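Only one structure is covered here, and it is reproduced in the block below.
Think of it as A, B and C in the order they're written, each chain with its own count starting at 1.
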């Protein structure tokens, strides 16, 4: 018996034969084990825990008592919930804004002039900085009286009176969006640049020969080929919205009048400042459903475009 | 030499541009255009960078005085590195740096392995693949804060409180990295893999030997993303670490701010010192990172 | 604080004033050199016995070491706290440990520790959060454990304030009230230095005068967290909740009036907008540039203010009580957590006793800008001329407290305290910056507070 007979012997001893597909599936599942283990332990189980918690009241000691749908009914009595919901959606708007800016920058930087690499890094810098440090810096810059931004705007003659960046509800919302766009543009820029550089030059040549103008080349060649890239940006954008927590807390604490309160800050306050754990679990479930629903929907749309 | 005394006229500028153009192998119009792009990009980049300029300026100024002057001074005055030195000595900075490095290294290495395994699996067609993909996308959307308490309880059960591993464990896999690696692996032609298998390579070797070598940019992306995420993490280490000696940098920064209540320059200096390693890491991996995103993002 | 002592102190203050206070800019909170201003002896506290003093019958179980203390925002006090631990270890032979958390993270951290089943044995908490913990049986009531001798260290009113449902849940550690600091220069230039404001309307008109008559940019700024905005309303007789803490009673015409006034002052540029949008440091910074008349703050922020402005010293900056001498009060105290053996709890009490003895409380006074619960320590330092000369700003803090101690109002000792103030604060701030109508804001706040109380 040599080693070459080994597989046959194995087959004789273990007569179960797996089809190629099943064997592949098994190996695939094995490979997924570590990743799935961590995801299940640290994401799925906490989510389920939260789901259960939404039907209970919890004391600080961890003791829980069932209250059924009571926490869900509290949703209707909570005026802040609607504000938080609205703002959460509103701030998602920073994603298309940032992606558009990134697209413009990418087109610019794609022209490959000396130093474009350095610029690319400079745009990416905000993304790798801690949100807290960023929020503190911007809070100072947004100061109504004596802040750099108002100072510069006045010097340039763009405004006459100081803008109350942080004490007017709409300006406050805008400031959150501005900072978030600033922080994430660099990341989208890099993704889009990569997508752009992946488009073969020949396609452009063909289009030019066919007589397409610059604008037409952009609309009918570049954009469609960028669709998957933009899809990735959207997905990433959804995830980055969670980091708004630090930004809102430092910049405005959700004010004025809850105009910048978002679901995630309200969840935190309910749980850790007021001790309403059951209710905050309800909010968490709602936030998850919205986000997961949105992203799965996006995925579905994307996969339909590219079989 | 005598030309210096003459005024520069348009023709001279034109000549210079032509020379540059010829040198670059293009015509003058293109050079001017490139120059234009450069200028525009420069302006935008400087505007973009301004908040960092502010951060550095405050951190590097001594004495700090009042930051709340009626009109802010935009210029650089009395630059000093004193604040950074003071931060370094006032608190056990090396210890916190060490903690951050260990935790991040664990997360980076762990995520490389875990994500690669998962990505490799996802390149195959298997039963339940769609479910797993959907699960992963949905798992991305779980708000982080709500996972803190149960995750803490689990870490406690595992006996990993106050350990580097306990902090790093949740970061040892992340879905975006898995997807990027998957796309990169997908791009590798099957023929190469078959060739390797026919040569007698085990699956493990196929993955870590062959695919890794070909997907270097994607790995670099994974490294940089894992690094950023773990290095800047705040809330999770907060609940897991109660021993001050085990704190990573962001936690130390937070408690640091309470020590020097109101001394912003020191706080800013610390923030910069937390930021610098990430920047260095990014610059080192930049080339690889960019290339990987090329491959990774197109095939969705 | 009994009257005689108060008189003594008032006389001292006028003496100091007479001296012209020509003292160099003292670094508030700097170490005094300690001679004559403290016993330096850990047991000079009427506590007598050096070991566990409760009448346990030996069935208390094992002591779970180490005895861990969790502090609130005291990272800068590392040296002293290590001193507490080592004194404790010397005294009892048990091991001690220390964790500190910044204020915002304290609840989250403590929460997870409780759920893990092994919380810190004792915690230093601020405000009324301990009420939530007490209600949920996370803390151990202390009535049975404390002896009269121990309690004699503290002022009765401090103990009473912290009681919940008649039980003692924590021992007074340190506390602070709100008060107003002001730049004397502006008052002198405006010609109102002889007529310092004492009530809310007077505060407002003084602020206006300052802005109109001098170069000052702002007249008044304040912090709002932990009920700090309410002295302006208490002075005019408006309370937040009724006696039983079951109903909101602040929806009155006076409230709307005051709020409207605040809004007008903000519109007119007397009060800066950051007062309503930021928490603490921006206000201190603004006042520190010297362009503001008055800053109503938690007196513990005096060092923050000092660091924000070069002009700040005992001569140029004055102290006065909050409007109507009814400041907001915020205290810290040490509680013992449940879920431990009786022996551990007693050992923990020993640690607390060390922390709260005269020696360490005096040390605490020297390193911070607050007042402490240990009456001995307070008397030793606050009455010491030397200490007051060296630390004029601290002297200002103490004097302001003594003046307004009677009127100080603590946060309602109920679990929903934080939520209630968050609601009121958010509504009122919005009205003050002109986002909502004051009357509407007050009505909304009342409605929501009543909802919370149900």
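Here are a few things to note about the model shown:
In the analysis below, a contact is a pair of C-beta atoms (placed from the backbone, for glycine too) under 8 Å apart; a residue touches a chain by one contact, two chains touch by 3 or more.
Please read these numbers as outputs of a predicted model, since none were measured by experiment.
The fewest steps needed to get from chain A to chain B, moving only between touching chains, is 1. Here the two chains linked by the largest count of contacting C-beta pairs are A-B.
Chain centres here are Cα averages; for chain A and chain B they lie 16 Å apart. With each centre defined as the average position of its C-alpha atoms, the distance from chain A to chain C rounds to 41 Å. Among the residues of chain C, those in touch with two or more other chains are 108, 111, 115, 217, 282.
Across the assembly, chain A contributes residues 143, 145 that each touch 2 or more other chains. Contacts with at least two other chains are made by residues 67-70, 148-149, 254 of chain B. By the touch criterion stated above, chain A contacts chain C in their complex at residues 59-63, 77, 79, 139, 143-145, 164, 166-169, 172, 252-259, 269, 272-276. Across the complex, chain C meets chain A through its residues 107-108, 111, 114-115, 132-133, 136-138, 217, 272-274, 276-279, 282, 339, 415-416, 418-419, 422, 426-427, 429-430, 433, 435-436, 448, 451.
Remark: chain C residues 73-76, 99-103, 105, 108-109, 111-113, 115-117, 217, 281-282, 284-286, 288-289, 291, 303-304, 307-310 touch chain B in the complex. Contact residues of chain B toward chain A in the complex are 33-35, 37-38, 40-42, 44-45, 48-49, 51-52, 54-55, 67-72, 74, 113-115, 117-118, 120-122, 124-129, 132-151, 154, 169-170, 172-173, 175-176, 178, 203, 228, 232, 234, 250, 253-254, 267-268, 271, 274-275, 278-279, 282-283, 286, 289-291, 293-300.
The part of chain A that touches chain B in the complex is made up of residues 21-22, 24-25, 27-36, 38-39, 41-47, 49-50, 105, 108-109, 111, 113-134, 136-138, 140-141, 143, 145-148, 151, 182, 185, 190-191, 193-195, 197-198, 228-229, 231-232, 235-236, 238-239, 242, 245-246, 263-264, 267-268, 271, 280-281, 284, 287-288, 291-292, 294-296, 299, 302, 306.
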